[in-house]
Amino acid sequence: MSAPQAEVTDAPDRGEPAVQLTGITKRFPGVVANSDVNLTVTKGEVHAVCGENGAGKSTLMKILYGMQQPDEGDIAINGEPVKLRNPQDAIKAGIGMVHQHFMLADNLTVGENVFLGAENLHGIGRAARARLAELAERVGLHARPDALLEELGVADRQRVEIVKVLYRGARIIILDEPTAVLVPQEVDALFETVRAMQKDGFTFIFISHKLDEVRAIADTVTVIRRGTTVGTADPKTITSRQLAEMMVGTELPSPETRESTVTDRPVLRLDDVCLSVEGSERNVLDHISFTVHAGEVLGIAGVEGNGQTELVETIMGMRKGGGRIELTGADGKTVELHKLGTLARREAGIGYIAEDRTRHSLLLRQPLWVNRILGYQTRKPVAKGQLLDIDGAREDTRRIVEEYDVRTPGIDVPAAALSGGNQQKLIVGRELSGNPVLLIASHPTRGVDVGAQALIWEQIRQARAAGLAVLLVSADLDELIGLSDTIQVMLRGRLAGEADPATVTPQELGSAMTGASEDSEENGGTA
Amino acid sequence: KDSGAGNNNNAGSGDQSASCVTAPKPPAAPAASSSSAQSTEKVDGSKLKVALAFDVGGRGDASFNDSAAAGTDKAKAELGVTTVTESTAAATEDEAAKSQRLDQLASQGFSPIIAVGFAYAKAVGAIAPKYPNTQFAIVDDDSVKAPNVTSLVFAEEQGSFLAGVAAAYKSKKCHVGFVGGVNTPLIQKFEAGFLQGVKAASTKAKIEDEYLTPAGDFSGFQDPAKGNVKAAAQIAKGADVIYHAAGASGKGVFEAAKSNNAFAIGVDSDQYNQKTVEASKDVIITSMLKRVDVAVFDYLRALAKGDLTSLPKRFDLKVDGIGYATSGGKVDDIKDVLDGYKAQIVSGAITVSDKPQK
Amino acid sequence: MSSWRTRLLPPLLAIVFAVILTAIALIISGADPLQAYGTMIGQLFKGSTAVDTVNLATVYYLSGLAVAIGFQMNLFNIGVEGQYRFAAIVTAIIGGALQLPPVIHVIAILIVAVASGMLYAAIPAVLKVTRGVSEVISTIMLNAIVGGIVAFLVNADQFGVQTGNNIATREIAETGRIPGIPIGSGELFGFVLIAALIGAAYWFMLNRTRFGFELKASGESTTAAAAGGVNAKKMTLIAMLLSGGVAGLVAMPELLGRDFSYGITSTQMYGFTGIAVALLGRNHPAGIALGALLWAFLDRSAVSLEQINVSKEIATIMQGVIVLSVVIAYEIVRRAELAAEQHRVGRALAGNGRKGSSVSEGGAV
Amino acid sequence: MTTADVLSPNTGGTTMPVKPPKRRIPGWLKGAIWGLLAVGVLAIASYATGVNTLTSTNTAHTALRLALPILLCALGGLWAERAGVINIGLEGMMILGTWGAAWGAYHGGVWAGLIAAVVFGALGGLLHAVATVTFNVNHIVSGVAINLLGLGVAKYLANLVFTPLSGNPRQSPPVPKFDTYSATFLSDWLSDLEKMQRVFISDLAGILNGLITEVAPLTMIAIALVPISYLVLWRTRFGLRLRSCGENPVAAESLGVNVYLHKYVAMIISGGLAGMGGASLVLLAGGADYLENQTNNRGYIGLAAMIFGNWRPGGLLGGAALFGYADGLQLAGGGTAVLALLYGAVILLAVIVAVQLFRRQWIASALGVVGAGALYAIYWTNDDLPSDLIPYTAHFVTLIVLAVASQRLRPPKADGALYRRGED
């Protein structure tokens, strides 16, 4: 209906449909998440669904999984019209879903997480564990079934999610942004699993913002924009750029840094920083030293859980470690950070984009302007002495909304009401508004759509050109390579090596991150 | 299965018990002279509009509130009082609520207004001056000084003294116990009299002497389980006659005595006849009687006669405001002893202290 | 969403519901609900009841504020009960012993009250911050223990004075009292004004100061607050101490305005009432004031109900029903509004014709 | 280079602090060790101070009795909070239980009383569920309301129903009590052992003896409910589902668990247990009948015991036992016994210091030494503790134990969270 550029390849000969969604409409208060969506997924294919943040992908999938009820529209599974009133109905219909935000209980064991809700299949005893072991083998999950889930890393958690789905005998599997948290090798492993299962007749619906991934794995791709299906395409023939244009109507941005602005004025110096955690012999941060200069972007690459989080939080003063951390302000004065609290460090000129925005950057139930104050409660324009300057805060929030294109109906809506990308833009705007000398950016574009991504990159680049030092931690290797002046690889709490973003490839970086190169050296063999 | 309650094989075997007693028997009491002799006179109380403001508990507490109610009931029957209203304090109400209650009653034209319990002292002190033509009475308090306020206070220590004597006489192991509910000055009077009474009868008697809760924590009057545990512990230490002044917690004391073959002494009213402790009544050898009913009745009578000066300053053994119960017949054998001590107290030969002498 | 409907409808619905429910209970027990309600309302116009109600509400208000400060920070300070009793006994003793000129005496007493409330609150605060002991357990224990402390201190061997069968601390001299404001036949506590001031200060602190911001921020999300430079442990400590400080004042209206001494018959449970009042008022100072007044009114009603031989438990039941039904009513109204909103969007959409881009131009919301 | 090659050696390494597969000591064993340690310390204290109330049969018996209502309330709390509902309404449900117990027992005997208590408590739980689950009311608000309602309704009903029977609106007429049973044969042998006054053996015998004499069926049921709760909650599918509602209701719902239903069931059980706690105040020999205010905040103590026990059945048993023991000890033994307990605390601290020294935790051991020194000073300089404070021994002990024991509390993750289907 809309989207003239859609190359509709809705060939009727693709095969038997596994899922048919027709005319799905779903309204939330103040927003229409899905409006007249049509989607046909053929048996045995990997069907990608793409779209901007807030386009309505997750909502559509939740409808298909029975978690939400459509206001209008019909669903047919394997040709049979069905009513999916709750996930149980969907599970019975053979649908399984791996959620964007994992649906796991940290305090339960791996086994319990898997068996939960499906106890009538094999009970929760020996038979169940046997079946679990079988499936775990299949997806490469090596955790013990009685390990607490919180002890698992992200990739393993995702495997648990997939095992959960398989355990229920699902034949149609929804993967909602499964790769957002994975490194390339893990993505490859996932894709291998997917392909193997595809051969066994499983059908996949795959959601991702990473278009090359889509092109790598999907047989068909459907694009959703602002709640409606724009069209369906063949990923083998379409380019990433075309796909992006279908999604947003603009060009695909790239995180490339144009020219180097690196100066020799050090801004952040870390000297022999160590951090240990209770209950673990090994240092979480192991003698880390590096320097970030004004105008430089230092990228930190690493598989999640290798100490990046801890590094950032140590610099921010949220964890107390050993060693020296020094910050040189715009006025040339150098302060030793370890004597200062988090607030004082921020006041000294650090802007901080935390990796988990809902946990660390936002007060979700508070309006945007209150969120503007967080972290700046001692400074103009949002505070005067011990008092808050509410007018000032509102004023400046409006400015951020304007400058950073935060899509919001106003500054009085709670932060939770914004989609992830818009939340992130607000945060970036806030953290760049205190005239920082150093920006610590953890995963600044995670889960953010391509448009918002471009904007955030552009802002970082501009600030860098004005002399800002940036410490960038990211799992998105393209972003890291494109944005950084220098890349350090972090492995098991140590800086394991340096890479030149001009020459390194994501694959190389990936193997350095997993320690594969190191292992092969130690083993004297080649991986 | 346990054999239910103890069989009280020692019941009624009071004769051998005197082994504990070291003091000589007091001289026999002279013929009774104390009880109100004026009771024959006809008095008309029909004009009295009586209001009873109870403390926490109210009518039915089988204790002093009930006793006060009995006083008005008797006045209805004998003085022709027609109008009686009652009002009860809530457990956690504040001072103003008590004042409000009295104020309401006064403004509705009630007179006299009888406040039952010393917790009303401040309220009476505050309200009485506002209604100079209304008569007020307050039970258990003599701190309020106003022309229209009458104090109805008791010599609990005197009755408790007799309880102590009875305990000493009835104890086979020469070891007795006191369980107080809440450690307030009022209950200390019971304790003081009891201790003095035991010591008066026996110099070698051992005494357990404990409270359930300290002052201010009134749960000690409400916790039979704790009373039970406390009494059982005292019995385990060797005590075999327990006197309680613990309100509703006393029920637990009786049950502890029953299941451990010991005796107990009740308080305030004749607990042998009390319904709520019926199951263990056979261990109750006597009860210390605090005749709030007598005080209330006498007060109403005096008021009806228009002569409050005839009221005693304190209701004590002499005016039968205090006494001991004989129901169940377990102290019949030592009645002469008890009456002997009573006579000595009445005559002033023995003064009973209202502060515990430990 | 702050129309009069969302704000006022729920409490009204709740009161109506409570009235209906208690009417049923009254009828079962053979009483006449109309007469009962008539008496409850009527009492307000008799004697000094209205003034007494406000006086009692003042106490509840302070208690509610003390609890609310903790709630702002996600601290469940059940311990207001212990803190106010501890402060009351300590303040009564010191206030009774002090001999100072008029205003200074009062100020000294108030300082002692706040400080002693804080002192008692410091125990759970420090235990929580340094040892991670749940404030729920520690304050439950401390609430009980305060009974022993009061008994110990008020004992005639220590600081108590026995009058009749009662023991209380020495009376605070004239100079240390806060004069009342005579209204009709009653006397309004002078402390009412101070309480109002504290309420205003609470509002100002919470909404206009950096400290209030940090408090609310760490109450809403410890992690986000920490990343924003707010030290959650410090905030916990301060919030608990502030809560204790206000709790320390709970007994002051009565102590300085009516009783002048604290003793074994002094009222307890104001702290627990404070929890209900704070919840009823949704932690907002004005809401707490209304909650406190309602609560005090119901408590006073209990006394008047006896005059017509209606069991006064009705008032307690009513309090429970109101607390529960107010929140339920808020939820029902919220859901109704939400559904209405959804309908509105649906209609707007249908009217707009189905243009894909007209759907939520702003991206979200 | 295949991805599998890269990944497989490192799969364990992706989480940062590599946790060595530690050997977990089973909970029951840990409990048993703690129990024996406690008895050992008490034995030494009792021997050294000559106060044998510390481990006497009577003390143990009393402790069990006093711990019972607390234990049942704590179990009630466990069921609720494992399903994600904070239950501070335990007190109110317990009060309803006391009324129900008296009413049922009066009309139909003890068992009817017990059932009525459970039903009344469960009604309170049901109301809490309606408010919190269906109407998304803040759990604390609802709990506070239920405490008020429980009190009000019980008073109202007592006034209505009991006044004609007992003449007293605050009290029921006397009601039948549970018979008690003793393992006579065993207990004779144990009392002989106890009388021998051998350190530890006699103490253990004394304590055991107290636990097996004059035991009512209700007591046995309550104790049995601890392992039963464990088995049901941790070893059955129903329990798994129930706990998942307290950990991550959205995930549970997405797996087809009916979260509302499970929360409802959990709350009904929770209320029933609290009601049973009320019954244990009414239906045990020596207890009250229905009596206004008899619960005296035991519901709150039960909640505290549950938190103390880290939301685990064994732990809350420990919490309830600790409280019951300390309370029983002060009631039965008075000031001297409490002083002896202080002595025991000094010994315990010494043990802890030794352990900390062994672990090279210098600061902790220093603190321990200071604490032990302070306690010993109190013990040494006082013949008697202030009698006004002794009734609160149990509260002090709980506070001190909490302050000393390191707290690794782990509430269910979604405890108290408001959950609505379809709103994640």
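Every chain is named by a letter (A, B, C and D) in the order it is written, and numbering of its residues begins at 1.
Please note the rule applied: a residue touches a chain if its C-beta (ideal position, glycine included) is under 8 Å from a C-beta of that chain, and two chains touch if they have at least 3 such contacts.
Composition by chain, UniProt nomenclature: A = ABC transporter ATP-binding protein; C, D = ABC transporter permease.
Every value quoted in this text rests on a predicted model; they were computed, and no experiment measured them.
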{"item": "Both-way neighbours, i.e. chains that touch chain D and touch chain A", "value": "C"}
{"item": "Most distant chain from chain D, judged by the mean position of its C-alpha atoms", "value": "A"}
{"item": "Mean-CA-position distance for chain D and chain C (Å)", "value": "30"}
{"item": "Distance from chain B to chain A - Cα centre to Cα centre, in angstrom", "value": "77"}
{"item": "Centre-of-Cα separation between chain C and chain A, whole angstrom", "value": "44"}
{"item": "For chain B paired with chain D, centre-to-centre distance based on mean C-alpha positions, whole Å", "value": "38"}
{"item": "Residues of chain A whose C-beta touches two or more other chains", "value": "none"}
{"item": "Sites on chain C at which at least two other chains make contact", "value": "147-148, 151-152, 155"}
{"item": "Residue list for chain B, restricted to those that touch at least two other chains", "value": "183, 213-215, 217"}
{"item": "Interchain pairs in contact, sorted by label", "value": "A-C, A-D, B-C, B-D, C-D"}
{"item": "Residue ranges of chain A touching chain D (in the complex, touch as defined)", "value": "65, 67-69, 86-88, 91, 97, 99, 102-108, 112-113, 115-120, 123-124, 140, 142, 144, 151-156, 164, 185-186, 188-189, 192, 277, 279-280, 282, 284, 303-307, 310, 492-493, 511, 514-516, 519, 526-527"}
{"item": "Touch list for chain D against partner chain B, complex", "value": "53, 56, 58, 62, 65-66, 163, 166-171, 173-174, 179-182, 214, 281, 284-289, 291-294, 296, 328, 331-334, 387-389, 391"}
{"item": "Touching residues (chain side chain D, partner chain A) in the complex", "value": "1, 3-19, 21, 235-237, 240-241, 243-244, 247-248, 250-257, 410, 412-413, 422, 424"}
{"item": "Chain B residues touching chain C - in the complex, by the definition given at the top", "value": "85, 87-88, 90, 92-97, 99-101, 103-104, 107-108, 118-119, 121-122, 140-144, 153, 183-186, 213-217"}
{"item": "Touching residues (chain side chain C, partner chain A) in the complex", "value": "207-214, 216-217, 220-221, 223-231, 338, 341-342, 345-346, 349, 354-357, 359-360, 362-365"}
